[in-house]
Amino acid sequence: LNRIPVAVLGATGAVGQRFVALLAEHPWFRLARLVGDDSAGRSYADVVRWMGDGAVPASAQAMRIEALEAPGLPEVVFSALPAGVAGPIESRLAGAGHKVFTNARDHRMDADVPLVIPEVNPDHLGLLEGRKGGWIVANGNCTAIVLALALAPLQRAFGLDEVHVTTMQALSGAGYPGVPAVDITDNVLPFIRGEEEKVESEPQKTLGRLAGDRVEPAGIPIHATCTRANVREGHFESVHVKLARKASMDEVKAAWREFRGPPEVQGLPTAPKQPIHLHEAEDRPQPRRDRWLEGGMAVSVGRVRLGADGRSLRFVCLGSNTVRGAAGASVLNAELCKVRGLL
Amino acid sequence: LNRIPVAVLGATGAVGQRFVALLAEHPWFRLARLVGDDSAGRSYADVVRWMGDGAVPASAQAMRIEALEAPGLPEVVFSALPAGVAGPIESRLAGAGHKVFTNARDHRMDADVPLVIPEVNPDHLGLLEGRKGGWIVANGNCTAIVLALALAPLQRAFGLDEVHVTTMQALSGAGYPGVPAVDITDNVLPFIRGEEEKVESEPQKTLGRLAGDRVEPAGIPIHATCTRANVREGHFESVHVKLARKASMDEVKAAWREFRGPPEVQGLPTAPKQPIHLHEAEDRPQPRRDRWLEGGMAVSVGRVRLGADGRSLRFVCLGSNTVRGAAGASVLNAELCKVRGLL
Amino acid sequence: LNRIPVAVLGATGAVGQRFVALLAEHPWFRLARLVGDDSAGRSYADVVRWMGDGAVPASAQAMRIEALEAPGLPEVVFSALPAGVAGPIESRLAGAGHKVFTNARDHRMDADVPLVIPEVNPDHLGLLEGRKGGWIVANGNCTAIVLALALAPLQRAFGLDEVHVTTMQALSGAGYPGVPAVDITDNVLPFIRGEEEKVESEPQKTLGRLAGDRVEPAGIPIHATCTRANVREGHFESVHVKLARKASMDEVKAAWREFRGPPEVQGLPTAPKQPIHLHEAEDRPQPRRDRWLEGGMAVSVGRVRLGADGRSLRFVCLGSNTVRGAAGASVLNAELCKVRGLL
Amino acid sequence: LNRIPVAVLGATGAVGQRFVALLAEHPWFRLARLVGDDSAGRSYADVVRWMGDGAVPASAQAMRIEALEAPGLPEVVFSALPAGVAGPIESRLAGAGHKVFTNARDHRMDADVPLVIPEVNPDHLGLLEGRKGGWIVANGNCTAIVLALALAPLQRAFGLDEVHVTTMQALSGAGYPGVPAVDITDNVLPFIRGEEEKVESEPQKTLGRLAGDRVEPAGIPIHATCTRANVREGHFESVHVKLARKASMDEVKAAWREFRGPPEVQGLPTAPKQPIHLHEAEDRPQPRRDRWLEGGMAVSVGRVRLGADGRSLRFVCLGSNTVRGAAGASVLNAELCKVRGLL
């Protein structure tokens, strides 16, 4: 009941809105400040162009938007700032003692910034050990998080020699206004700037091993082709992996089904009961039908096909890009920091 | 001016309509008969639910639909019959001396049926050599044709060790009524029954080598994941290949740019001037913008990325599924047979 | 806790699924039987092609589908049978003592069948007074219900001289498989068979006056043009009315805002708190954003423009076609019958 | 063969591109200059984000974009400038002796600017009579042109007492980038700023009567509700009119079918053979299937329903918003001025 006051930076944008939705009624955090320089002084409901279905959460509607410089910024800050803008601001805030949970890509690959998926690499928070004052914890790129969650059980159980992934990414991943309707109607767009680089590099860190004060990259060759599909929400990915060791279909499925975060993560308010939902129906998962499983925090896997060699494995995976792949990811990180005593 | 009379079987279906559109004003063939059992006796314009933009071709509007058994079926027959139904009918017609050009899958893998893409394997018509009476020439599955055209120049120049492909296939590929709008709006469907098998097997024959009276399969491991996208026309494919020999980016691009069918094919009425259009713009090809290049007979390739090893090659390709991948493919086959003296 | 057992006829169809969703956890009714002749004996989860997001309600998954003739059909029956099929079956069931709540159009205009919207004409249940044995209560056409709800407050307060309506109707209104995606993508379909007749006639009964054992039609000239839009759910209607008496903008808005059903209706489990939501934002209501207000049971009104004459009134309205306009409508009717002691 | 050199202002925008497409191979006009301040000095192909299918017209690709102030601006200018910007520039150009054909709304209602649809009110060019130096001729709003063309034959034959129209307008009407895909997917947007005012006022002028040096407004009460639909091109309108005189269905249909511009207009290169296409199929016209009739210059009318009173008439109409409703409209105006000796 003594909830921790938190701020959201960039609260009116696409991801900022998801932060507001997730934090408006959070049991541990209290949405204490909405930051947006352009619209400081106005009420959130007046300024925001709400993208979700339904209305702006009641508790946020009347909140005033404040400038970043306004006094009284809470210690705990969620950043939905755009890449490029986010980097220097987040560094400054961390320097001033703030705990920053960021969705921006700017600091994700910094050596001293944990890039965390609580079910996958909660130990990477060890990078913060012994640190005084503020710090930054990043969540990954929306596509990379979904992929890393689907790969983690395979990596643990069988090792991974190579990964090919083709994505069909949702419109909401491009923010607002994002993709013009005249471009995507009756179409697929074969290119998303900067995306393939992130999908190929970030899982190296998330799936890597903490070794003292650094993370050893996983060193898995990942090859990505990223496209935009005419879907509002839910990144869909077609994946082919070469397992390092032979596996049976039963072993592969069990690896996904039995995958759980450590007990401290399983109990977090935003954690899905089951991080990976394995679909047996041949025509699932589908973005529209499965993106909101467990409030958008579960990743779906389906269409599993294992080659006769026991190593060539194909499947599709799917996850909410704005929740599991963005705001929900940072909220879960913050919850983990809370139970770890870092907040 | 003495055009060869031809029939279209299944003339009212999605592919049948494309046959009608392509043959209505053909310089060498004369649309002499439209066959459809259900609606025999009625005019084509009355029966057909025309899917294309604009109107039914004027020359076909008033044609009566005839039953298959009606006397006077032309020797040359284009078959747009559905799989399963097509097989026995086509066999019977060939047995009765007809030359059948079919889009159906039933006979594609038969040892004595050439599965031909004129720019790729025109020599496979050699399977018909010395044959008396009728025969069947098949075009491939719509997705497989686009893929085989994109692969052929690579196979010739560098050899192919392995192929991974993820497709985003158009709605028109499912025929009519095909995919319900409530299923595909704001969605991707991750499964198309029987499609992956065809994509993995048919190019083995098309890209195979004619050895006497049989075709030696190409033996390239192809791994396919086929999905349905919310696009009306144009199959889009994301491909990763492992080249057998190292290549430079310039060599790879030259292989596609310079790819042409043999001279006898280049002059065919329906043949594209350039079978492969290589796009340099980073956001092309796109289904809506590029599917109708060269009347829908050209395949687009773009987003070419070559790994540092000179062998790992990624690209996307795109082609009209109803023209290049279906009716146009069989019309081009028939034109090739004509110049070869087989008709 | 002693919930009334009910059956759903046509439980696997588009509207049948909505009945199942609404009744699976209903406080007063217990989903006791799912009827579907084709698939009798199989489990609901095996047979149904679930159209909603997420999964089949847990309590319905394992239920066996029964044939209509199987013994033990509950007294209370919800019918989601298709028009034409529904009529004779529903008559037979009523004759055998069942209380039938139907979404089918077959009996809607029958003199002895109440066509009820609980907030609008609950008194029409008076048609059942003194009846022994079974009877039929119908809900209206999905488009007509939304329109009648938007018109009712205007009719009461000012009278209605004339109504023009152009609809943009959702795909789910066509059932499953419904509209082919190749027809509606990048398109509007200007015709829905039989729809305009229903929109023009049914509100005459719903808005009519109960006079003894018959309903006097409202006698409002209604002119409808019904089209299909590329929207999954939510019928949107552009309406122009000529009020019988002059009104001010404030009076018009107050009529909508203050509109409520009688107290007995307001307390029903499925009743919306506010039947009409008046939107002041110039770009609302929108189908995607507003169709699920109050669980899909509220109708939205917006873009209100009143002519200088105080009588020419334009507005748009919107409502969920499968809930407010179909299954939810009949469930609400049944709840009303329950509190009236008719069940 | 001595083609008149012309300039296009705002050549890279959505409507500017249509001007370029229509003028690139025009028999009477020669595309001599492309004006765009931001990108002056660069080639058109480098700068333009081509929205059409296929490629930029070959003759325009290498043209340099010039600043407005660059010397040598041709006398004849087509303006695709945005509203607000267009007004003062067009006034200045006319003052300097240029003949300006504009698609912008700024001067449409000016008393000395003819607002012309050649088939409807070519005589309004009389406003230019005796004028020395430059002038402006405007085409109407895209929605208003389609409506005015559909109404003109009715007005002439029967008179019009009142018009109600609800539009479903295409995405391309919002320019580029225009409507965000996340807003319109699975949705209808019920508001287009400023649109209803134009639809209600402009036809008063187009359908008005030239009386000396002024146009007497038609004085028809028009009531519009304008919405945005998920359609790329083609404004669709549902119309109800009250005819001033009783008519039979045959008379109404004949009025549309027989409607033609004066002979001088019928021979213009861009003029459709038949300005109004009357569709008898109950499910036509449809935007996707019918928007490009006669190169996008014909308007479609269908779903005609006449009330028992012989005066209440309902129908739908459809036309290309970027061609008939914008660039094609001004090109046709310029062609008319040419044959009138005004150029």
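For reference, chains read A, B, C and D in written order, and residue numbers begin at 1 within each chain.
Here is the rule we go by: contacts are C-beta pairs under 8 Å (C-beta built on N, C-alpha and C of every residue); 3 or more make two chains touch, one makes a residue touch a chain.
Computed from a predicted model, the values in this text were never measured in an experiment.
Farthest chain from chain D (centres taken as the mean of C-alpha atoms): A.
Counting C-beta pairs in contact, the pair that comes out ahead of the other among A-B and A-D is A-B.
The distance from the centre of chain A to the centre of chain D, with each centre set as the mean of the Cα atoms, comes to 48 Å. Work out the mean CA point of chain A and of chain B, and you get 42 Å between them.
Looking at chain A, one finds that residues 185-186, 230-232, 288-289 touch two or more other chains. Taken as a contact graph, with one node per protein chain and an edge wherever two chains touch, the assembly is complete, since every chain touches every other chain.
In the complex of the two chains, the chain A residues touching chain B come out as 164, 166, 168, 185-191, 223, 225, 227, 229-232, 236, 238, 240, 282-289, 302-303, 307, 312, 314, 316. Only residues 51, 171-172, 176-186, 230-232 of chain A touch chain D when the two sit together in their complex.
The part of chain A that touches chain C in the complex is made up of residues 53-54, 185-186, 288-289, 292-293.
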